Each structure stands twice: as structure tokens, then as C-alpha cells.
Amino acid sequence: MRNYTQSRFSKDDAALLLIDHQSGIMQLVHDYSPAEFRSNVLALGKIGKVFDLPVILSSSYETGPNGPIIPELLAMYPQAPVIRRPGQISAWDNEEFVAAVEATGRRKLIMAGVTTDVCLAFPAMQAAAAGYEVYGVIDASGAHDFATQSMAVQRLVMHGVTPVTWLMVAAELQRDWRNKTAEGTGKLFHEHLLNYGMLIDNHMALTGGQQ
Amino acid sequence: MRNYTQSRFSKDDAALLLIDHQSGIMQLVHDYSPAEFRSNVLALGKIGKVFDLPVILSSSYETGPNGPIIPELLAMYPQAPVIRRPGQISAWDNEEFVAAVEATGRRKLIMAGVTTDVCLAFPAMQAAAAGYEVYGVIDASGAHDFATQSMAVQRLVMHGVTPVTWLMVAAELQRDWRNKTAEGTGKLFHEHLLNYGMLIDNHMALTGGQQ
Amino acid sequence: MRNYTQSRFSKDDAALLLIDHQSGIMQLVHDYSPAEFRSNVLALGKIGKVFDLPVILSSSYETGPNGPIIPELLAMYPQAPVIRRPGQISAWDNEEFVAAVEATGRRKLIMAGVTTDVCLAFPAMQAAAAGYEVYGVIDASGAHDFATQSMAVQRLVMHGVTPVTWLMVAAELQRDWRNKTAEGTGKLFHEHLLNYGMLIDNHMALTGGQQ
Amino acid sequence: MRNYTQSRFSKDDAALLLIDHQSGIMQLVHDYSPAEFRSNVLALGKIGKVFDLPVILSSSYETGPNGPIIPELLAMYPQAPVIRRPGQISAWDNEEFVAAVEATGRRKLIMAGVTTDVCLAFPAMQAAAAGYEVYGVIDASGAHDFATQSMAVQRLVMHGVTPVTWLMVAAELQRDWRNKTAEGTGKLFHEHLLNYGMLIDNHMALTGGQQ
Amino acid sequence: MRNYTQSRFSKDDAALLLIDHQSGIMQLVHDYSPAEFRSNVLALGKIGKVFDLPVILSSSYETGPNGPIIPELLAMYPQAPVIRRPGQISAWDNEEFVAAVEATGRRKLIMAGVTTDVCLAFPAMQAAAAGYEVYGVIDASGAHDFATQSMAVQRLVMHGVTPVTWLMVAAELQRDWRNKTAEGTGKLFHEHLLNYGMLIDNHMALTGGQQ
Amino acid sequence: MRNYTQSRFSKDDAALLLIDHQSGIMQLVHDYSPAEFRSNVLALGKIGKVFDLPVILSSSYETGPNGPIIPELLAMYPQAPVIRRPGQISAWDNEEFVAAVEATGRRKLIMAGVTTDVCLAFPAMQAAAAGYEVYGVIDASGAHDFATQSMAVQRLVMHGVTPVTWLMVAAELQRDWRNKTAEGTGKLFHEHLLNYGMLIDNHMALTGGQQ
Amino acid sequence: MRNYTQSRFSKDDAALLLIDHQSGIMQLVHDYSPAEFRSNVLALGKIGKVFDLPVILSSSYETGPNGPIIPELLAMYPQAPVIRRPGQISAWDNEEFVAAVEATGRRKLIMAGVTTDVCLAFPAMQAAAAGYEVYGVIDASGAHDFATQSMAVQRLVMHGVTPVTWLMVAAELQRDWRNKTAEGTGKLFHEHLLNYGMLIDNHMALTGGQQ
Amino acid sequence: MRNYTQSRFSKDDAALLLIDHQSGIMQLVHDYSPAEFRSNVLALGKIGKVFDLPVILSSSYETGPNGPIIPELLAMYPQAPVIRRPGQISAWDNEEFVAAVEATGRRKLIMAGVTTDVCLAFPAMQAAAAGYEVYGVIDASGAHDFATQSMAVQRLVMHGVTPVTWLMVAAELQRDWRNKTAEGTGKLFHEHLLNYGMLIDNHMALTGGQQ
């Protein structure tokens, strides 16, 4: 049985891996509406900024039909390593990618891939096999349909990967609203946890802005 | 039978009315996901800018639980009339609102309200009764559930209001990609018709940006 | 084409008819969850109280498998006529029921029946044929499944009955929050338009109760 | 606008037409589960017996892939005309079928076909064009998916065919539980309106069987 | 009320218009699964071949993000006019397209567009306004989601366009299995009405192929 | 990891337990349509007959609102023990029930209860704790909604109960169509696996009945 | 494998923890309809009363956008400890909360949180890690959508938390209808297991109230 | 915990088993649309060709109602062993089938069966019990409905069978786009991962075909 108290990640021991969120392959995502999926991916991306996590991007065949990494992600991380894989389907089969992960010194990996069943599942299961604690962000990873999402999650669980959502990740990293990242997390929620954002707006309108 | 060719609207004869998109009441919308609904509302708002339509905003009880108009809409139209109704549920029951509509000189009204069955339906049916041609933008108007959306649309149709989507509105106004609003419409699609936006990104990456 | 402005109902010209909401037959409702359906039915019932509408109840075979009218409705209207039909499936086939409707002097009928396709549809279409303006409250009327609801609404529309929701009815009757029924309507929303009710709670907590 | 009071059908002026419920073609039905669809079809079939309606069956290519009419229907109506069409897709294109309908002397036709969009829609629209009042029993007619059902119903409505369910038909024919067909209708509900049947069982268990 | 018997189309008076089924824009379709939508579009395309209908293709911006017409359609109709619109969103705004339609001499138009709400709706409503009888093939036209499909169909119906499916079109054209197009229609069903195709396979296996 | 080959049940080592399928409580089932659920329950009941399994029925409070066991089940097993529990919610808390199970001498229990989360889950988890191999027939056990079904199955799996369907049970018991129960199993499929039943009908019509 | 018989909870060894059911955050719940979710939460709350369980409430930032605990819960437990967390997202990170739990002396915790993935998941997994037996009441805990609910349940299961429904909790505590809490449990079912409540009404109407 | 890195299959150690994809039984599949399911089955079939896997087909009662194996599969593998079982429901109960599997010398089995709960589940669980690593291709295996699929997957997981999709299989076998099977895999995606195929078409149109 997993022990959450001992294993939970923090901004000091986790890294964020974003795999293949390219404008071509994103067309394959049909388990979330386009607006919802993009919002989820961007929210996860911003988490890296808010908590100053090591971030690694990867893509495959950008000059082919897969297309470029979506510009918002690239713009967020101009300094992050972008591992452009020459052919490997699983990012973990690419030595440069694994080396970049190791270089972060982090053993807890928060990962998303444009498709849950392939782009996320393969490297996530390999990273788990290599001894990392792996968290798969399912709502920032897409699928052909809900059944595919559901089966991919089953497979991840069988291999020890923990399914999470971007909101779980943000909340686990923030942990306490008195931590100094609170402003960034609040802004993140305002922009991507939209019903919560509206609560904030309502509240600020009434109180003149002081929370 | 309606004759589309004779009746279709253009940027020269239409006005845009946005009713009650306030951060409180928007919590009632459950027929679209929060990210999808907000994207639809903002897309419709931007259409007014792209085509330079007369725009009228309205709200009710902003200082009460309904909350303020969502800030993105207000920021788009700092000069637009904002009819803050003192109590009328239907915007059309507010003389100032009707006067503002008449002041536009337009007879074709593109309308959305935060709830399809009330905030859109009442003024839309009244405007139709007053002789306007009325288009209800259903996906920028929310509902408690899909059944409610479906019934509200039935009622609108019985009263001569045409149901449309924000994409229909944009395409009908743009009409020809050689018209000068094309750049604005393209940007709108890039931001809110997200799968189309990714096609554009893909294409620009390959061609170096010249479409 | 219908003219909403000329036809909309008010507390002075409408009556409320609640047909066959009996604890046996309510088991047939599968297009809304039990909690949602009961909430809708009670909300509609309370509308009659808030706006002091003439209310007529009807039931069939209460001592048989259909069961008694649900106690909350009966308790709300201890003085209302309860037409217990000896056999007629359509309430409108019962002369006593029609007489009770006529005795109200109202020509606009807000009707709900435990099943949309039978208990609502038959008397609603007959009332429309008899010259009444009829509004069928679809979300306080149940159905075997969503397809049945959808087909029944189509048939009602073909026969001139307008589909509405209980919220549409409340809003149309309230019309302006400065009308004296506002407190009752606010309480109704607090209890049955639950997300709105929570907005009110939030607001009152912040402002100390003065809206 | 249709006038229900003047037009409603009765056991004395209606006929029942059951088209192409063959064990091959029934495999195409995917908008209802197999158990639900078969129950609906048999319920409609039994209505003909309970109310002693003239019944006409039709089939096409029974010796080919379409297969035989399902045995329960055939067994119910050993004397009914079975029009085995040599090639016409629409039963109404078969003169023998039209003659059989005319021979009933009935002007109100209750029709179901194994597929709503073809087997029901074509003859229903033709019968309406020929001056009959036509009722399409949608839940005893199948479809590829819910969207197809929905579009087919739209088309039927445009051509003046009224969509109904088998329950609507039974209730409209029974009209009053004091009519002598009540026992048969009660048995029908017991067998096919299963939640109602359970209410009856419950009631009989408590009261020793006397309703 | 429409009269189906007088208006139904045949291979001698109908034309088939296929608009914007391009590999880019088809990514926008989310109301059918990719495999289902492509199958529907190809089935409709093949209908033109089986019944030797005049066929017109159209596309917009093939060299931009919209992409080329899907190769299967182009390959089916190497001789058909392909109207490549320089900018008009509605094909009917393109004079060359309208001229091509008029050149067919047909007054009944079977139309599909890659998006129901724009690519189909605009030219379909214009064609109806110009006096054609127009049939919109909804399942060979896509949409962002089911709600969009539903609203677009409502609008088409308001403007006199009849919603159909590709199967309805094939069955209406075939009309009688003794007509000489039966072999082609049978092959079409085998390939695209897949459950029916399997019935045929089963039957042929048992009977040695003679139907 | 479970070993299916060693553990699979047969007609010689399994018993069938049917719990609380009473006409009152069955009204709570909303995850299957009424026709589908009843068909599943009866199919499971018939399996006991076809394979001559020891069968135990149980009910609670039949004279109260829960109602009597549905008559078809009772009629199938006039000799089976019917444990009418005086108050225990879990059948396994009733000593008489446990004794009846032990009296069968079987260690593999095929169980269904009218609600998956309570009537099935409690005794199934207890039986597993007592060392039985337990199979929960989920589609002959109902639930308030699909989420409840899903959670109940998760809990059963955590406690070592294997989720199955009635079809899985029948197929596992039949194992080989050359076993002598084949005729009974075939009849069962004809009546409850309805699409398969239609295939049989088709086949028999073509071959004159010899399979 | 878990052993249900040894582990099941009772009114003497369980405590009830209700976390963050505040009128602001409850707006985030979209996997149940508002009426259904509130009914579930109140039902769970009342269970504490019926079985006289130790109850602990907690909230965060009540004076901010999260809003106050919903008034019905507060009113039920005027004496219960209400741990108002100054910033911790997980209630279990608050020492006062853990101390309150320990003070109950109970080792079996029935927990619900306004969001399953955060407000319930974090403290539930921590409590399990601390050696408590933890039951997460999923239908009294909300989620952004059904996929989020499903993933959160997967994660809870991986960490040894058992997913249950409020009905499972009530039934497990009641265990036998002859226990003295039966009246309270019956009332609870009447109010929140609404179809069961109607069965009771039916029964009482027939029998004059004596069950 | 499974170790993906050590266990993943390749074209050199896997075999493909396709069970009972016969034109009769395929009528039972209702969890995927017919077009989607057939596309999935054919895609999986083609994988065997692309990677030159040992392939074994099996069927039962082809001359009875089950019908022949669908012709596309048979045509793909004219040389593959086709085990026509004389009666065994589970292919693994057929010695010839097991012998054929053993003859391949492969220990990793990629399996699909026309129904997930029976035709796939039984032999998959037996193969796992016999020490094979088994992958069940869920989207090339059908089910009565989504709940049945979901329960069958749960059971497979309990018995150590890994659920995958055909796309996962193809990607795991291809592993690197520089491997020589890339052209075949690309063609496979073009034909069955249709949105990806359209990306390829778009790309080739722009670049003149050189990727």
C-alpha cells in the first residue's frame, strides 16, 4: 500500500516533464473538448513556473505532420531543455531525455503527454521501472475517447504510476496558502479553475480587493 | 419559411447584446464545461471588436450575489453602454436598454445571455415581437443542463428567434476571407476555435509564416 | 409566429395545474435523478404560493398502485381543489377538472404532469385546443428516458403548447425584483436553484446579511 | 396548429402498421438496448390485440439477409395480412400494402418500422401526403444512433407525422380505466412498463389482489 | 406541410454537392468519431457514383491550413467540377459554384459540408432561398459537439432545408431493390452500413452466395 | 494474482444466490433501463435451472415497502430455500442464510443483489472473508447511477470479489457447446441475449431449423 | 486482500469528518447536479446524528471566496468542533484537526470533502498512512467532471482508502433494522433515498401507517 | 508491481491471436459504433502484417449463426492457422489452439476476441495462468455496453492481463520511427488513426510529399 505522507512531492523534489504537446498531434485528443484540454495543458505548464520546478519539454518530428510544440508552452520555458527526438516514440528511449531528467536531481516526476495511452504511458512506466516516483497528469494528457483514457489509466496503475489532475498537482505543491507561492497559485486558479476564479472576482468586487 | 439570402446580417446592420455574463450567475452554467463556456463568451465578445459592431452590455444586481460582469468583457468595451438594471429580469423590460438598442439604428440583433432560458430568452422573444430579427447565440448562453438548453431553444424557435453559435456569427459576418476583417477573424479562430488555431500553427511552421 | 410581449403570463392571469405527482407513478421518472426531479416539482409547487396563483391538483387511483399525491404538495395547498379522477387518464377528460380550471377565470395555464408524454401531454394539448395558452413545465414532468422527453416536447410544440422550466416560470412571474414577491422568489431560489442559493449565502456572509 | 381534441384516435378509427421488424434488420438498431427495443416492439404489437385494431404486417426479403419477422409478432397475428414486398423499400410503394390499409377503412395510422429514418419515415410521410393522420411510434422504431433518431423525427414533423411512444398510444386508446379494455391494458403495463408492473405487484401483495 | 410523395428526389432530378471535406478542417469534427465520420462521408460520396448523379466538389484555401480535399473523394470524381473558392465562406456566394449547380439542370440538391453549422448551413439556406429543394446530409457533415449539430439542424429546418442521413439518401434513390442500381447499393451497404454488411456475409456463407 | 484455470467454477461446484430482487426495492435501480435490468435478472435466474445449481433466494421485509420477490424468480424455484430476513441488511448476517449456503456444499458462490453497493456488496465481501470464492453478477445487480456501480465494483475488487456479467456466468458454466446443457443455454441466449437470439432465428429460417 | 467481516465499522468505532462543504467551493462540483449533490451531503451529515457519531467539521478561508460552511451542516452540529484552517489545503496538515480526530478515540474514519481529488484525497490518504481505516464517501464529495472523480477514486484505492456512498455508510451502520436507530435511518431514507421514501409513503397510505 | 522496461514486447517475441471476429457474433458489439469497431479490428489485424508477427485465428460454429470470420481478416492471413473450434467457448480449452500458440515459440501474447467479457477474457486469463504475458486489446474486442467493457477489464486486471489499445500495440512494436517497419506503421496510421492520417495528407500536400 502506498504511503501518501511519506511520498508526497514538493517543489523541492519534483520535476515537470511535458511530452509532445504539438499542434498536430493535439488534433487526436477527443476525450476533452479543445478549450478544456488546452486550458488543462497550460495550467500544468504554469505550475512549473509558479513553483520553479525543473521543466523538460520533448517533441517528435516537429517538421513533419506532428507540428511544433504549442507556442504558449515554448514561450513559458525559453531556457528549458527541449529534447527533439529523432525517432523514438517513448521519450524515455531517448538517452538525452533520460539524462536531462537525471540532471535535475529530482526523483519525483510529474509527467503529461499529448496522448495518455502512448506519449505519457510509455515513458511513465519506464520511469517507474527505473525507480522514480511517477505521477501521470491525466487531464493534461488526451485520448481518442473516454474508454481509451480509462484503459490507459488502468495500465498506468498496474505499473505503479499514480494518476493525478493538474489541480491535484497544484494543491499538493502549494500545500499551505501561507506559503509564498500563494499569489502565483491564486493567479493560476483564477485563470484555469474558472469557477473558482469567478468566486475570487465576486469576492474582490465586494471587499474592494483585499482578500 | 425564412429566406436566408435576404435576411443574413452583416457588420453594417447588426448589433451585439451581451446580457448578464456576471461572475456570480455564471456559476449556474452546467451544460458546458467552465473552460468551454468562458471561451465561447469571450469569442463572441471579440466578434464585436473585429467587426466593429455596436455593443451593449447589461447586468443586474452587480453588488449582490450576481457579481460583476466578467472583467474580460468589460475591458474589451470600455466605451460601450453598460445598462445596469435596477430590478428587471428581462433586459428588454428596461427602457434604457431598449433605447440603447434603438440608438444603434440596427435591426438585426445578435444576443447572448448568461442563461439561455431566462437571460437570453425573455429579451430575445421581446425583441422579435418588436420586429427585430433576433439571433440567439446558444453556446455563449448557458443552462442548468442539456435538457434545459434544448427546451429553451425550442421556445426561442417558436417565437421566431434563430439559434446560432458564435462560430456561425463570425463566419456570417466575415463572409469572404478577402474582406479586410480577415486578420481579426483569423486571430479569433486561432484563440477560440482551437483545433483550427493549431492547423494555422502547423501551417505557419512549415511555410515560414506566409499563408 | 408567437408574440411573447403580448402573451406573457403574470400572477394575475395564470393558474397552476399539478397532475398526478403521486408517490407510485413518480417511480417511472428516469430522465432526472430522483433528488433533482423532486426538487423541480417542489419548486414549481412553491411558485403557486409565492405568486398566490390559483392551484389545482389532480390524481388518479390513489388507493391503487399509483399511490397518494406526494405529501409536500398536499401540505402546501390544503385548500386547493384536488380532483381525484375515477378513471380518466387525461385530466382534461374529467369534467370536474375542466370546471375547476374555468372557475379560476384564468386563460393561461402553467401545467406539469408526472409523465411528460401522457399525464402532461394529453390535458395540455386539450387545453390548447380549447383556446387556453398552455405552458408545459418539462423539468417538473418526468419521462422514461431522455428520448421520450424529447419526443413528447416535439408533440407538445406541434399542438401549440410552450415548453418551459420551473425557473422560466418563476422569472416570468417575478419579472422585476422590485415587485413585492421578491422575498418569496429569493427564498425559492435559495432552496431550489441551489448554486444561486449558495451565491446568496456567500454574499450574506460577507455583507452581514444586507443584500 | 393541430387540435388534439378533434384528432385523437380511438380503437374505432385507428389501424396499426408494423413494418420490417425482422430478425436480420433489427441488428441495425443501436439507439435502444436490445432488451429495451424488443420490449417496446412487443408492447406495441400487443396494443393491437388489446384494442382489437386492424393490424398489417410487412416485410422485405425475408429469405435474404433481412431475415424473418420476429416470431412473437407473427404469432400474435396469425390472421393479419403480411405484405411481403418484392423489392420496394417503402411499404407505401407497394400497392398491396396501400390496399390493405385502405381496406381497414381507418384514417388514423399508428405506424412503426424497424428503422425510424427509412422503414418508418418513407411510408409515414407518404401516408400523411395521402391524407391519413399518421402517428410514428418512435420507440418501437430503431436507429443507428441517437442523432439519427433525432433527425428522422425532425423530418417526420416537417411532413406532418406526429411522433409518439407505445405508452402514449396505449394511454390514448385506453383513455379511461373504466373502459372494458382496462384489464388488457393493465396486463400490458405489467409486462412492458416494468416499474409500473412492480407497483401493481406490490399493491396486490398488500391488498390480497383486489385493486 | 411538406408532401413527401410529390417531392421525393430520384437519380434523375437530384445533384450531389460535397463541400469542404478537406483534411485540415475535418479535424474540427467532434460529434462523430473519426472512423464513423469518414465512413459516412465516403458512403455519401459513393452514392453519387452508384446513381450517376451530377456531383460538384468545392473547397477553400487548400494550400493553407484547411488542407486538400480528402483523396478518396477526389479519386472518385476525377471529372467532377471542383470549385476552389478564393475566399467565400459560403460556397453559394461563389458564382462559379452556383453556375455549376445550375448547369446540372437539377432542382433537388443533396448537400453535405464539413461543418453543419457553417459549410453546410450557409449554402443550403441560400439554395433553399433560391428555390431549390435542399436536403442536408447531417451525418456526413460534422460539428464541434452534439449541441452544435442540434442547433444547426434547427436553423436548417427553420429555413426549409430537410435534414437527412446518407442512408436515407441511398434508400430514397434506390427506392426498389429491383431497380438496376441494386448491386451498387448493396455493395455500398456492405461497405458502410456495416452491420447490414455482416448480415449479407452471413447469408452468403450459408447459401453459397446466391441471395 | 488470480489463476483463472485453477479457479473457474462449474455446475458441480457453484451455487447461485439471489438477494432482494423485490418489486419495491427494484424501483431504486437507475443504472440500467427497467427492461434491461429485468432481462438480466431473469437470465441469471434461468442459469440456475439450466445448470441445475443449488439456488438460494433471500428477501427482507416483504410485507413492508420492499415488496415481494418478483414473481418470475419465485415461480422458477418453488423448492428453493427462501430466506426471509427479519431485519438484517446483509444476508450474510442471517445465520439461516449462511447455513443454507453451507448446506449446498459448494465453495464458489455466484451472487447478485438488487443493489450492488449494499444488497450484493455486504454479503459478497463477507462470503469472501469466510473463504468462499465469490463472483458478483454486476448487471443483475442495480445501482442508483453509473458512478455508484463503478465505486461498488471497486470496493468488491478490493475485497477479492470478482465482478462478472450473467453472460460470463453462462459461458463459464457451459464451457463447451457439446456439453449436454447446450440446448438450455441456447434457449437462454435466444431469450435474453437478444441479438444472438435473432441470429439463431435467421439461421433457422434459412436452414429449416437444423443448426 | 481486505477482510470485510473483521473490518466493518459500527456506530461505536467510527467518526465522521466533513471537510470544506462551503457555499463558495461547492460551485466547483460538476459531476453531480446541484440538487443531487446537496442531498447527498445532507444525507451524510444526518447519518452522524442518527448514529450519534463523533463529527468534526473543517473549513478553509471562510471569509474569502470559499464562503461559509453550508448552513444546514452547521445547524446540525452546533457542538461539533469546527476546525477553521488558517491555510493548510489538507485538513490533515492541521494539527488541531488531527488532534480532534484522535480525541474521538475512533480508528475508523468516514470522510467526505467538497472535492474528491483534493479536499477528500489528501487527508484521506494521510489518515490511511497514519494507520486509520479510511472510508471516502465519494457521492458526498464532488469533482470537476466524471473523469476527475474516476481518477481520484483510483488514487484513493492505491493508497488503501475504501470508496463508499452515503447509502453504504448508513446501511453498514444500521446493519439490522431491529436495531434502535431504525427509525432515524428510515427517516433518512425517506428524505434522501427518495424512491425508497415514496415506497414508504405508498405503503403507509395503504396500511394506514403501520409498517 | 510490473516492470514495463523489462516486459515490453517486440516483433521478435510476440504473437497475435484473433478470436471469433465472425460476422454473426460481431452484431453483439454495442460499445463502439460499427464503423469504429471494424476499423479497430482491421487495424489490429494489419499490425500482424506490418511486424510480421505469428498470427493465429480462431472461430466457433462458422456454419451456424455465428457466421464466417470477417473476410478482410481471412484475406490478410491466408497461411495462418485458423482453429475452428468444435464446441469450446474458450479458445484456450482447445488443445489445437494452445498447440498453435506454443508452436510460435512466443511468450507474449497480444489477444483480441469479439466480446471482451467472454471470447477474450477466458483464453486471456488462461494464458496468463499458463505463464504467458498477455495483452488484451480492448478496443478490438467488443461488449454489450460500456459497463460490461469496464467490468471485463477489471476482471482481466485481477488476473494479470494488461489492457491495451491497438494503437498502444502498434506504437510499442514500432518503438522508433527509424526502424524499418516505419513505412508500414505510417500507412496503418494513415488508414486507421484517421485524424493522424489527415495530418499526413496535409503535410504532404504542402511539402510535395517528402516528409
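Chains here go by letter, A, B, C, D, E, F, G and H, matching the order in which they are written, and residues are numbered from 1 within each.
Everything that follows uses one rule, which is that contacts are C-beta pairs under 8 Å (C-beta built on N, C-alpha and C of every residue); 3 or more make two chains touch, one makes a residue touch a chain.
Protein identities per chain, from UniProt: A, B, C, D, E, F, G, H = Isochorismatase family protein.
Worth saying up front: this structure is predicted, and the values here are computed from it rather than measured.
Common neighbours of subunit A and subunit F (chains touching each): C, E, G, H.
For subunit E, the chain with the farthest CA centroid is G. Remark: among chain pairs C-F and A-H, A-H carries the greater number of C-beta contacts. If each chain is reduced to the centroid of its CA atoms, subunit E and subunit F end up 48 Å from each other. Averaged C-alpha coordinates put the centre of subunit D at 33 Å from the centre of subunit F. Rounded to whole angstrom units, the spacing between the C-alpha centres of subunit B and subunit D is 44. Multi-chain contact residues of subunit E, defined as those touching 2 or more other chains: 24, 27, 33-34, 65, 67, 150, 195, 198-199, 202-203, 206. Chain pairs that touch, as defined above: A-B, A-C, A-E, A-G, A-H, B-C, B-E, B-G, B-H, C-D, C-F, C-G, D-E, D-F, D-G, D-H, E-F, E-H, F-G, F-H. Residues 199, 202-203, 206-207 of subunit B are the ones touching subunit H in the complex.
Contact residues of subunit B toward subunit G in the complex are 27, 30, 33-34, 145.
Listed in rising order, the residues of subunit D touching subunit E in the complex are 24-25, 27-28, 60-61, 64-67, 86-90, 93, 115, 117-118, 121-122, 125-126, 128-130, 144, 147-148, 150-152, 154-155, 158-160. Chain contact summary for the complex, subunit F toward subunit H: residues 1-6, 31, 138-139, 146, 149-150, 153, 157, 162-165, 167-168, 171-172, 174-179, 193, 195-196, 198-200, 202-203, 211.
Subunit D contributes residues 23-24, 26-27, 33-36, 38-40, 62-63, 65, 67-68, 70-71, 192, 194-195, 197-199, 201-202, 205-206 to its touches with subunit F in the complex.
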